[in-house]
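Across the two complexes that follow, subunit A remains constant while its partner is subunit B and subsequently subunit C.
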Partner chain A sequence: MSDEPNKGLFSPLRRKLLMGMAAVPAITMLPRASFAQAPATSAVNTTGLAVTDTEVTVGILHSATGTMAISETGSIEAEKLAIEQINAMGGVLGRKIKFIQEDGASDWPTFAEKAKKLLVNDKVAAIMGCWTSASRKAVLPVMEQYNGMLYYPTFYEGLEQSKNVIYTGQEATQQILAGLNWIAKEKGAKSFFFIGSDYIWPRTSNKIARKHVENVLKGKVVGEEYYPLGNTQFNSVINKIKLTKPDVIFTDVVGGSNVAFYKQLKAAGIDLSKQALLTISVTEDEIDGIGGENIAGAYACMKYFQSLDNPNNKAFVPAFKKMWGEKTVIGDVTQAAYLGPWLWKLTVEKAGSFDVDKIAAASPGVEFKGAPEGYVRIHENHHLWSKTRVGRAKLDGQFELIYETADLVEPDPFPKGYQ
Partner chain B sequence: MINSRFFNRSELMGFIALAAVLFVILPLTLDVFRLNLVAKYLTYAFVALGLVLCWGYGGILSLGQGVFFGLGGYCMAMFLKLEASSVENTKIQSTPGIPDFMDWNQITSLPLFWQPFHSLTFTILAIILVPGVFALIIGTAMFKRRVGGTYFAIITQAVAAILTILIVGQQGYTGGINGMTDLRTLKGWDIRPDHAKVILYFVEVVLLFACIGIAQFIRLTKLGRILVAMREQEDRVRFSGYSVANFKIFAFCMAAVFAAIGGAMFALNVGFMSPSFVGIVPSIEMVIYTAVGGRMSIFGAIWGALLVNFAKTSLSESFPQLWLFGLGALFIAVVLAFPNGLSGLWADYVQPRIDRLFASRKPKRDWKDNSVADGAPAE
Partner chain C sequence: MFGDYSLGDLGSIFVMQGFAGLILFSVYVLMALGLAIIFGQMGVINMAHGEFMILGAYVTWMTSSFFQSYLPSLFSGYFFLAMILAFIASGALGMLVEWVLIRHLYKRPLDTLLATWGLSLILQQAYRSVFGAREVGVELPQWMLGSLHVTDSIEVPINGVFVMCLTVLITISVAYVMYKSRWGRQVRAVVQNRIMAGAVGINTEKVDRYTFGLGCGIAGIAGSAFTMIGSTGPTSGQLYIVDTFLVVVFGGAASLVGTIASAFSISQTQSTLEFFMSGSMAKVLTLLAVVGILMLRPQGLFALKVRK
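Let's turn to the complex of A and B:
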């Protein structure tokens, strides 16, 4: 995937080896070259992490069981793929990555318990994990207390920043604002109806969206409704939509509720090719359950779609399918999870050390050119610079890319004027 | 007839064994991380203890103990959260000085019902009284109308579901599905470092033994006998002139208070509280701990809570994808093979051998009339 130069490694021997092999594609030779002269463990690991001369241990902490398993499985798969690819290229600082997988069981305290176990018992060098905001909130104090490093893949509500977390997904403004701008311009939209699941992420996202609609786009929010997680009855809100006739339905309904919501929309005769609907919560994974025919025509605001047409993604999708089966689909979060191990590897090599403090300090400015979504870079605030993209759902469950921002969007977890 | 001694011999052995394990063996052999996990398991032992009184002796099956565990836990968490939300800790918020989740939900001042939780004394009272009074209300409403058995179990489940929905829905006031996280200090004393975890562990074990003492006391008094009698022949007790409802309410309230103490210790030991301990599933899990350990036995239920949770942790560490099936199989096996749980197993197979051992040395005395786990009606 990535043929990034290993900046952290600059021993003369390797340079000679590489020069001698100038004709050979670097990527095939890197493994041997870096294994040959890994820096001494005592030098790269001064805080007693699980790093040996040949191995480094990381943790994978997601829900393999429980209601969230369906969403988090993609992340587990992506992280394992990234680790395998990194190992095939020679590992990190000459060490193979070994992983310990723990099950958060869709239960927030279990996440905290397992995170602590990974840090205290197993001394892992980094944890790739968490999915819901609730699990991250439970794990965060543990990461800060025991000074761990968490790579968190999900797009989330922002309002958070930690030395011990790298947020590889988008925070709310990165996900929402460009999409709203686009739909306001493209569809001339003035009135918006918000529907969300009732927890922190939709509430915060809608708060930001409302401020943007009212203050920047000079539009109107004609309705804002929340439903408990797992709700399957959306008839009343669909009637309200029919009455208020908004230009855009803006949704952040999550998980299984989506299936009911889109089916009931369709049954109520709302045609998504005529009624604009912008969702920030439906990826390819969700469409798998909703069914392409129920959601075709809806717009989704993400940073990654499986259908992206770039060389990185064209290598990533087949590699993912080869490892996990032809039928798997890859959503936004899965891709963001794939970035975790890579960003960690690049940061370790930049820092020349596995020490968490050094990684935290070295993270800003780390760039990953091999990301399936295209070039990304870590910001001072430990979030990623990334593009915002709008895709239109097709019958086959894939998205067709309609719009993407020209430049990378700056992450802004504490947006001024949107609080 | 009330035994003149507080514990008979087998109970005394159970007491000594549990005390030895909790006070000496575990703290000496486990590192702080594992000891803290044991502290977490023990919070469920409080619930199990309450269930022994209410379900094992009183015959009242409550599938809503999570409600009381949660109420106790939330009371504690509210106090801790307020302390963690000092103005300087929350500078980045639009309204500094209120818990972070309120700020995210556009609440700009501390709600009225949160105000008293600035006081630790009030909080400790609330941990006991809020669940106690709540149980009193439910108990009075149900038992005075002679609603019992399955119907009562269903209603406690409904209460658990309602409270979960309430907590999740009112997230500006309760933290919603995230719960209350990042609890830091108790009256300025940091509850997160290792030495604090060890101290909290011992505080919890002492509290547990205090609760065991109370439960044992209740069991030995006439009250305990009436509870057992009620379980076996409710009408006969009623016709004897006892107010069955009041005894049931009492047992239910005691179980609620024990569960609440467990919940409060949970918030202290684990450092957060969330609605995932309040709902139907955790409530049923709590009944399972008790069933596995043995619902007739105070010590059995505590071992049940410890062992089931230990199995949960170790199975999920070894088999992250399959552990739930393993755990399910374990429950089915235990309940099918030993209806009285592990303590039944002990009483049927191990205890007789020990008795024989003693009997061969000492002149024979009859201990059987007061054995722990036989579930026989009062003599």
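Let's turn to the complex of A and C:
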């Protein structure tokens, strides 16, 4: 990555010139090089995907406009970084990855339409994309009908599994259970107050959390509250929290509401260094908007924090900042999005083919040792084995790692006893 | 549900819940005032109201960043300057929009709905392009954070008190401008009968422009104040627009008192219900009540009798 020029200075003309210059040696070397390493296109692509002797096309499908652009921007950036790094290492089966980016525009039918366009018109070999469960649910039938491959980055509620999707984020039990166990043990927590935004992910997550608190931890849920998406007034529920005095506030509030919730919590005099709060919806990205001073002391349950201290992450964070600016932060989902292109590359190489059926079959067992979160592996159910981690928010908007599970946690999208 | 709690606990919760209701009331009034002028007085359905608020919020964010970098010693007082700048920025943009867009639509009030909705989309994308898609965090001076300890168990949020004072101040100013000043009389004359007002020598175009600018400017102040309690992002304005229209329509379009009365009743209902049930259910019941009352009284709580 050291020879990556400053992106800001790239003019289209200069880019073209550079690409042209780069192609000169490539063309002269082509016959020998391609015979030496790249297998013939007819062998690796039997289903008419957009694969040539030198290039393979993938799709990036996120919201670059609309409400969800706040969250999805990081994922787009991570996927582009991964693709660039893979290309710098020589691409996939000797072919450079070219990407076509489509904008889902925070609108679920648009996601489905664009997914269809990518699969039918552009014949992309894989799609990195979607963020909300709603967009994934809209895209899923398209992926299954036209036999595409989707790498989906967000932690989500589970209860889904498809041959045509690899879920690089955590499903609900992976995210929640270890965090609850930890806080129950560490803080001796017996009473929990749940507060979430009112849609499928918080409701499903809280259902799982409630069963776990009541049946496994033998604790008590003293309140469970939902607010409409976009709600900005939380004073009443904060009063309820004060009245019930729970040991732990467990939150999955999302979007702009998140900011309002923590600002008002702080203003109401609830000191997060004394009152334990465990969130599954705040990453470094969200803290940017919330402000470190409003959330310092809170615990977040994720699989990745920007501050993780391992060699992979120490290479990943500077590369990301170099490409997207010194001030950008990297949240859990951004990291999961970064895994998408890499896992796809590794799977293609394992299968020795770009064909979707072969990739789907080859996926289980694929390992990625270079993941910023540490080692990950794809499970038979197309989710990832990964660790659960608890971090504590600091004033500067970063998390300090407090706890991580000793082993990888098995993904369990259809948890028995939790439904 | 109160069996397990001591009398002292309950007492202080009721006090704090009362404050929560009052804060919600102030927030509603503050966000609705600008719209009450634009929609109530001028009849323009301004769907871009939230975006004018967020412009104020972004101005506050820029002011805060500026003070942090260049004048850290004066940081504790930047918020007042930020509010004034927010008023000027949103007001100026409002006047520009009136001149370019709105003045052609006074005779077609329903079209203003579409035009301003389009405007709101344009502004959102403009914010996204200029400030980035991610939310920005507005840093506040230390004295504005936290809460006032009244007793051991009663704590009042400082930002809530701040919003309340601001709301009172702005409401009084608006009431004075609209009902006591010469200019306010002109505004009301134009609203009631544009042709006659023009005939007696009022420059109706100018009155329209300044009225629209004032409404947007107040939205800017509201947006600036809401950086204390909410988020600042390209689409944050959307969070307020529904509640704002609800308050103005329920209050009776052309009445300032109506707006205040409606903000009070909606906020009290909402915050009381929120305490006894889930937030979503509270919202549903509040909306049901509003719809029910509007069916019986389509003109809203208070309505001026105006000859059309």
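Just so we're on the same page, the second predicted complex is superposed on the first by the 383 of 419 C-alpha atoms of A that agree within 3 Å, B and C clash if a C-alpha of one lies under 4 Å from a C-alpha of the other, contacts with A are read in each partner's own complex, and residues count from 1 in each chain.
Here, a contact is a pair of C-beta atoms (placed from the backbone, for glycine too) under 8 Å apart; a residue touches a chain by one contact, two chains touch by 3 or more.
This structure is a prediction, so every number in the text was calculated from the model and none was measured.
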After the superposition on A, what does A:A43 contact: first (subunit B), second (subunit C), both or neither? neither
Contact-wise, after the overlay, does A:A112 reach subunit B, subunit C, both or neither (first, second, both, neither)? first
According to the contact criterion defined above, which of subunit B and subunit C contacts more residues of subunit A? C
Does subunit B (first) or subunit C (second) touch A:K137, or do both, or does neither? first
Kindly classify A:K207 by the partners it touches after superposition: subunit B alone (first), subunit C alone (second), both, or neither? first
Who does A:N258 touch here: subunit B (first), subunit C (second), both, or neither? second
Based on the superposed arrangement, let me know which partner A:D285 touches: subunit B (first), subunit C (second), both, or neither? second
Contact-wise, after the overlay, does A:E102 reach subunit B, subunit C, both or neither (first, second, both, neither)? first
Once chain A of both complexes is superposed, is A:L395 in touch with subunit B (first), subunit C (second), both, or neither? neither
Both subunit B and subunit C contact which residues of subunit A? 64-65, 198, 228
Which bits of subunit A are touching subunit B when the two form their complex? 64-65, 101-103, 105, 107-110, 112-114, 116-117, 120-121, 133-134, 137-138, 140-141, 145, 157, 159, 198-200, 203-204, 207, 228-229, 414, 419
Residue numbers on subunit A that touch subunit C, as the complex places them: 64-67, 69-70, 73, 198, 224-228, 230-233, 235-240, 242-243, 255-260, 263-264, 266-269, 285-293
In their complex, what parts of subunit C are in touch with subunit A? 5, 9-10, 13, 16-17, 19-20, 23-24, 27, 125, 128, 132-140, 145-147, 149, 155, 157-160, 226, 228-236, 238-240, 270-271, 274-275, 278-280, 282-283
Subunit B residues touching subunit A - in the complex, by the definition given at the top: 31-33, 36-37, 40, 92, 94, 101, 104-106, 165, 168-169, 171, 176-179, 181-182, 184, 192, 270-272, 274, 276-277, 313, 316-317, 320-321, 323-324
